[in-house]
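There are two complexes below, and they share subunit A, which is joined by subunit B in the first and by subunit C in the second.
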Partner chain A sequence: MNIVDIVYNPWFSGIVGLLLIGIVFVCAILAVWLERKFGADIQSRIGPNRVGGRYGILQGVADAIKLFTKEDLIPAKADRLLFVLAPIIVLGSGFMMIVAIPFGAIVIGDNVYPIAATQMDISVIYLEAVSALSVLGIFMAAYGSNNKYSMIAAFRNMARMIGYEVPLGVCIIGVAVMAQSLDIVVIAKAQSPLWFVFLQPIGFVVFFISILADMGRLPFDQNEAEEELVAGWGTEYSGLRWGLGLFGEYIHMVLGACLMVLLYLGGWNLPRFITDIFVLGSLMPIFWFVGKVTIIVFIIIMIRWALPRYRIDQVVNLGWKVLFPLSILNLIWAVALSLAFDMIFGA
Partner chain B sequence: MPMDIAGIGELIMFAVVSILTIVFSICVVAAKDIVRAALSLVVTLVSVAGIYVLLNAQFIGLVQILVYVGGIGVLILFAVMLTTQELKGGSDVE
Partner chain C sequence: MSGVIDSYIPVIIFLIVALAVPPVLMFIVYNLSPRSKAKDKFTTYECGSVPIGEAKIQFNIEYYLYAIAFVLFDVEILFLYPWATVYIGHGITQVAVVEMLLFLVVVLMGYVYLWKKEALKWVK
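What follows is the complex of A and B.
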């Protein structure tokens, strides 16, 4: 049996997809731990230090057990159907994103086998489309739980999402123009000598800010501003349902970091002299990719603990009046640059 | 007529997606709660995207989700919530 037959077998890719979901879940638990421990370091606190040794590594597991064993509470006047479905949709949108993201690749000679559950021609559009589904889940949670704080949070979330999906999409179009494909694997491969962050610096900055807002990370977490809105859309949730929503957000964070690495920071690409050695070629691209994703996650967490929160009107203004024009500028720049490349190096 | 497994799978998927489309479009007009009607409309639009994908028009299907669910669906929900005077719990009779 040829290796290509194995890679493109639907059963094989199904198993790969399930494994990736498990791995991303573990990564999200690690991200929660990292956020606590690293955030504590930044603020000169100690942070979790009891469960699992000095560094509290098992704190995430302890939290998960606590969430599992809590009482499952549904408010009396809640819309039960929407209340129950909402966290599933938030988490499901994250899982649907996992399907199309390649988490590194195995490079053997000239062949590149991305580690992804599916290969689509239009995976970037797919990713943006399914990531937009999570806002519906948050709205359903807020309306279903019949709570004014949740409702305000959902409004803020929707206003922010509408404002930041647009620059995000335009930035992705800029990248796609330069790579001449909407397939995220081709986009990652197209950055082999030069990362897109150097070719489109404006695009990278706009994409970074928009995806921070998209993930609802500080300074853009107006939808769960603790001081004003109790716990945002999750105010009425407890136990496992709240845990599902929380994990949905952290999975979005990890996947957003993956997207950033794949679209702008060169993906898994390494120079040929490294990947030509068989063992290094099959292992190093994955480590390289995961390493970059880890650094991005660190930066996102650092931003959270270093910056204050914006007001919602400031956030919406920033999205429509600054980031959107900048992303259009970046698109023009990307088209001009690719045309210039074509003129210089020939089609 | 003998059918291969892919054909049967496609037929089942088409049946599921079209039943979802019909049921939820009835829900849009029949639902008492206006927010549930809006959410049913969103599910209808997603199912229509599923039909596009089954017709081998993946790009249109995904743009349908991106534009109609991510954009227009959210705007409709926004508008609906701005029109309602109070949350459901205010006048809810148990």
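What follows is the complex of A and C.
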């Protein structure tokens, strides 16, 4: 047995892969900090500036500690079971996504070793399925807390998710058509010379908007909507229970950025002459991947602070009446393009 | 390298961890956090006034149409996933592509019907 067999043993990779959860946790804490600091910069405020130096980089840690010492409240009218289970599902859906996402890869010569807890043959379907679970969690939270604001947020949220899940799925098929695989590692590898964003520009735009809406980010934010619904699904939540749900949303944001990089922006692929540099070259794909994810997270946060929020009917209309036809168009374009490739380069 | 079932072992491990972490955290919170004696803290938040009635309302029936449309399209789209992996390189390319286009036409006919019936219109 050589080292590769040991590392890719499912029990080994499953247990060591739990470290990935820790890494994503740190990234999510950094994303919370980035959102606050960067948002403050955009709005000409100061933002966090006390904990951990001038830039307040440890603000997220301080917040987490504070949440641990807050009283845990369950309102008298709440449905206790739903109320307690909901944050677990929101967070759990993030956890379950981490399993199948490769966070970069180590490239040695011709061999590519993706850094993922598992490599399934249908990982894109799996990822779509478990990411949709978080909406269920949010709905349970709202229904369980028996609050009017939460309830309105939950219904809107469901309508939003319903409208954007279909274009998202069609865009993923558009990518799968080109890579002829549903394995996210194969899809990432298939973009070796040319990223899919250049081959399917429409698909990328639709995917970007859909995933933005799917994560519940502004300008499609309907699950919190602070301006009119107090705090949406989280109105009745307090302390760490609320923190878990919110944290789940930030994990979703980071993972959504990862998906965008893997499916459309070329994943970790680097030209051969870079990866052939001894040791450092093998690790370069990881930095390349993380760098791209960071840029996407930056853009997502910038969009949040730059744009006002859409009304719910506008959100739903955009999903059903614009993005869905566009995504079908992109699918047909992707099929035509891959048939042309097949005819030119095929056997 | 490994079978199909093997690739789901890490999923099971992650599922167990995902279910175990929040209760452990909540146990820590339970031991750390203070408890106030106030009784009003258990009332539902409604901007300070006394809540009227229940929140578990029946939502507008048109909302249901979205759900139906979603189930229809999502299930139909699901058929395209396996298709996407096999349509090239198995000697069935022409048949597969034509069949997929026919399938999409049927799906889009349903879509146009829904649009014309104003099922995709958000009711104020």
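Operating definition for what follows: the second predicted complex is superposed on the first by the 344 of 347 C-alpha atoms of A that agree within 3 Å, B and C clash if a C-alpha of one lies under 4 Å from a C-alpha of the other, contacts with A are read in each partner's own complex, and residues count from 1 in each chain.
In this section, a contact is a pair of C-beta atoms (placed from the backbone, for glycine too) under 8 Å apart; a residue touches a chain by one contact, two chains touch by 3 or more.
Note that the structure is a prediction, hence the values are computed from the model and not measured.
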- subunit B versus subunit C as contact partner of A:V205, first or second or both or neither: neither
- [ ] Look at A:E165 in the shared chain and tell me whether it touches subunit B only, subunit C only, both, or neither; answer first, second, both or neither.
- [x] both
Counting residues of subunit A touched by each of subunit B and subunit C, the higher count belongs to C
Could you say whether A:L329 touches subunit B, subunit C, both of them, or neither, answering first, second, both or neither?
-> neither
| task | Could you tell me if A:K148 is touching subunit B, subunit C, both of them or neither one (first, second, both, neither)? | result | both
Task = Considering only touches as defined above, state whether A:L136 meets subunit B (first), subunit C (second), both or neither.
result = first
What is the contact status of A:D121 with respect to subunit B (first) and subunit C (second): first, second, both, or neither?
-> both
Request  = Once the structures are superposed on A, label A:L82 by its partner contacts, choosing first (subunit B), second (subunit C), both or neither.
outcome  = first
**Asked** Counting only touches as set out at the top, which of subunit B and subunit C does A:L30 meet: first, second, both, neither?
**Response** neither
* So, does A:Q180 touch the first partner subunit B, the second partner subunit C, both, or neither? -> second
The shared contact residues of subunit A with subunit B and subunit C are 76-77, 120-122, 125, 143, 146-148, 151, 155, 158-159, 162, 165, 169
Within their complex, subunit B touches subunit A through residues 33, 35-36, 39, 42, 58-59, 62-63, 65-66, 69-71, 73-75, 77-78, 81, 87-89, 92, 94
Residue positions on subunit A within touch of subunit C in the complex are 5, 8-11, 13-15, 17-18, 21, 67-77, 87-88, 91-92, 95-96, 98-100, 117-122, 125, 143, 145-151, 155, 158-159, 162-163, 165-166, 169-170, 173, 176-177, 180-182, 230, 235-236, 239-241, 244, 312-313, 316-317, 320-321, 324-325, 328, 331-332, 335, 338-339, 342, 346
Contacts from subunit A onto subunit B in the complex sit at residues 76-77, 79, 82, 120-122, 125-126, 128-130, 132-133, 135-136, 139-140, 143, 146-148, 151, 155, 158-159, 161-162, 165, 169
Listed in rising order, subunit C residues that touch subunit A in their complex are 1-2, 4, 6-15, 17-19, 21-23, 25-26, 28-30, 32-36, 41-47, 51, 54-57, 59, 63, 66-67, 69-70, 73-74, 77-78, 80-81, 84-89, 93, 97, 100-101, 104, 108, 111, 115, 120-122, 124
